[in-house]
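The structure appears below as structure tokens.
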């Protein structure tokens, strides 16, 4: 299920220098300019991969993100060694990204509406999902239920993390068990698929949002190129398994260019969240109850925003 | 939605003479012999269409069928006249079949298990569904809910009855509204599709059984030949839209030769109905409650079996 | 009611001085490709519309559009059939003939409507479901059945607006609701007049008579109790003033949502169930038809003629029952 | 645990004197085409089996069989992967590689299980979902995700039996349950050893090492807390005595259904949720990794090394955590 992708050069993710060559049009782009366009090529519209941190900054109301559980750290439960030992891979990824694993979760506001969000980081071992990533997705979902605020997950992953063996496989069940509870609680869930969203991440939470959004040209697929080629030997067209393909096949609601992503999510939240003032717009969900998170968030924002100080559950549980 | 079918000669349905020519193999078959084989050609297996009454006799425990609402009678609400006036068509069908409309419903037992059943009769204006047929399906479903006994519907219909206009179309909504309640009540529903099950009957209750059974080679389709040919001009293969086609396309659970139909339904009832003795086989449905119909049925069977005497709801409601 | 049609269309239609031609003119007006479709009406009615795509099973059907709209500040889930404005769009939208994926998409979005407490507004304008093999074999019948069923129990208000052709099960798949509204020149029928004529008259040439016999016009459907509200069209028909048409629809829809929104959900769903549960007239005869083996024709006729009308299915004006039944 | 494998298979396998070969011999045994599949096991275990077909959306997948069975008088819903017995059947069953329709059929039948209070028994033996375009584009990912999700909340007991290969998400799609049972020679892995080797070793030739590294054997999976019960196989493996294999499975399954059937449904579903909710070890570090811009490597290493293990995810034997993390 975790698949080898047709990786673009790793430096695209975290370009170390001033210039980046666009894989879409081969134009050389000045990095500072590229940051201003949210790392979308102004020439051809190619969407570069971006870090979880950059993604969060692009999406949420300025300064509103309060990270939770940044201290969750993977372990090498299997003593896994391939060409490198898993701990060495982890440490290299941690040093490169400043993250302990391939996802960040926390509470934030978008258009002044509170949300619970989890964002994956492809720069950390291909955004692969081991126990920590699964745990963060699960906790983001549980916080959404507890606070009755929408859940937003931005996926960017090569799939399950092989080095954690079947523990990684079990993250599909762990995350889906929480997503089912999110749905049962009538808590909105928006899934955003970015390049790439593949393997076990596509085969769990990423595929089943109330609304599934995707960035243009994002590669989204379950079976990898090698797996397909090795087992089946099919020739696939170049547009195969890109975002547009999935919209025509019924699995993506909307393709949203990065420049419009924040606004579009805010618009969707405006529909998915019933107005809190009591006018008789329509009958409320039978399970709805008062939200306390907005107050909690306001409190958190007046602190220094360090997630460690907010590890406990905000609000009334 | 009501479609013109490639009708076999009408006399197949109610053969007026001693011999019948098999449309499957052209063999001349002696009618008395054909009745012994449940009107299945012993030579080629062709399943002849049979009347609702014959169907019920073949399926249920001997003498257990208690008809309900035999007195429901169609009206010509639209004053509909085509080449004939609708009342004339109705009277001719009533005289030919001894039925007031194209369905019979009632309570019965199969393998000593009580059921509520509705059986359509193709001999009555092509088994078309107008207000009376829809009403009988709905009442059969409501009795199944009230008694907490399985619902069995045997379809045989060319579709909605044009002569009742949109009232016929509304029978799709009427029957489905009750089927949804049957499902919500966790009352088992077995749909049997026989030749033909088409148009609005296929596009309502017939398609959505917990288990969908079909007789071999039964024609099952929504759009009719003429509709398809006129609008689209597609060439269709001979096996198109027969029972086997629907099994491979995922809409029929099992194809059951008529000789095995009764046994197979009894077997399915054995699974779908939890045993009433209290041994801890599995947790009971939260909505289950005691059944009273078996007693009521036993009472009914000791009377003369005239449905008019059992018009009220049996059991504890 | 044919007179009413004559009065409206007498000026701009030929041959409307006989009832059959008047009804056929009405049918043609309902099918006028220039009439505003779902997206055009929405553009005029809604402050905001976010289309949602895909059935999460097989595909996205462009002949049915679904999404979230904001109408006069109110969040609404919209489902509607969509014909094309030109040939290219018509090809892309399959001439407005939906496949199963369209109904399955609609069901997915209706589920969101229920879960997030948005009322549902549907626009019905469809000749019927796509009658080809691709729709048949992917289960157009099952999809329509399930969508009808879901709408009978959906726990949120539903208002249906028939804007053009309400054709057969393909239309009913999105046309179960608490209030059924129809534009004046729309039609609603169990089968197209052409299909009906082909089967009953054995010739499509009799489609005009079939349209008359089936009482397909919005006004007749209202008299039959199928349609609740008929909205008069501006000018020479909806296509001559789409903006005013949209305004009239919006007014009725908002009033309905206000009224339905005040009904507790349990009552709302129960009332919708009753509305469709009792559709269609019948009578209860004094005694069952005797089996043909035992009785003579005269006896049977007497039995049939002694039927007493009761029509529990009729909610409003009882149509004239023919006494010979 | 490799020694245990050596002890069992040393006699009939070559090169089992080194751990890697022993594990590979285990993998080959798990894949032995002669091992009994779902239908063969059912034939031996069940008094009665009625297969049900179709997903009610698109098709019927012969690589997954579903139906009602009666086992020692108990009504059970059975779902299982099915490889063929010969070439012809293998082609018909797509070599046991399921399409989305298989999981959607399974979900439909699981719904019947819940509604009619039948426990669910699944047999897992699949290399993985079909990796071709037909499965991909019809949403194999969505189907697996939904099936996994449904099983985490299904309100009826579920016992999973891994009989051969438990391969990746394709297997997990039918492998969420209250009790996970595995035949001794079965394997369970997040990706096939070949796939893992291709990606991590950049060569499929290293599949043996990948199998070892991923701890794929039933015994190892039990030690990791993924598998609850390992059933010893008779003779030289399940294929040498399918009847005895079926007998042993039936015994365990019936005991499990008895035990699970005594648990109130709310508790049962909550316990199943907890079981999967806590899967997978992690630790909580003392402080977050400092951003790379601000701290030197030495500081960061110190931060990482000072992590304290807590592993809330581990239910039983905590695997040996590597201290350098």
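Think of it as A, B, C and D in the order they're written, each chain with its own count starting at 1.
One rule holds for everything that comes next: a contact is a pair of C-beta atoms (placed from the backbone, for glycine too) under 8 Å apart; a residue touches a chain by one contact, two chains touch by 3 or more.
This is a predicted model, so every value here is computed, not measured.
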>> Taking each chain's centre as the mean of its CA atoms, which one is most distant from chain C?
In response: D
> Could you state the distance in Å from the CA-based centre of chain B to that of chain C?
Replying inline: 27
> With chain centres defined as C-alpha means, what is the inter-centre distance between chain A and chain C in Å?
Replying inline: 43
> Just how far, in Å, is the C-alpha centre of chain B from the one of chain A?
Replying inline: 51
> Of all residues in chain A, which are in touch with two or more distinct other chains?
Replying inline: 208, 249-251
> Listing for chain C: what residues touch at least two other chains?
Replying inline: 56-58, 138-139, 142
> Draw the chains as dots and join the ones that touch; what shape do you get: line, ring, star, complete or other?
Replying inline: other
>> Can you give me every chain pair that touches, using the contact definition above?
In response: A-C, A-D, B-C, B-D, C-D
>> Which residues of chain D touch chain A once you look at their complex with the stated criterion?
In response: 128-129, 131-133, 135-142, 144-146, 148-153, 168-170, 172, 176, 188-191, 194-196, 198-202, 204, 206, 209-210, 213-216, 221, 224, 226, 273, 276-293, 297, 300-301, 304, 307, 309, 311, 313, 319-322, 324-325
>> Per the contact definition, I'd like the list of chain D residues that touch chain B in the complex.
In response: 48, 50-60, 68, 70, 74-75, 101, 105, 112, 115-119, 155-157, 257-258, 261-262, 264-265, 268
> What residues on chain A touch chain D, complex-wise?
Replying inline: 1-4, 70-83, 85-87, 90-91, 94-100, 130-132, 134-135, 138, 160-174, 176-181, 184, 199-200, 202-208, 221-224, 226-228, 230-232, 234, 236, 240-241, 245, 249-251, 307-308
> Given the complex with chain D, which residues does chain B contribute to the contact?
Replying inline: 183, 186, 188, 208, 210-212, 247-254, 264, 267-268, 270-275, 280-286
> How about chain D: which of its residues touch chain C in the complex?
Replying inline: 56-58, 100, 104, 138-139, 142
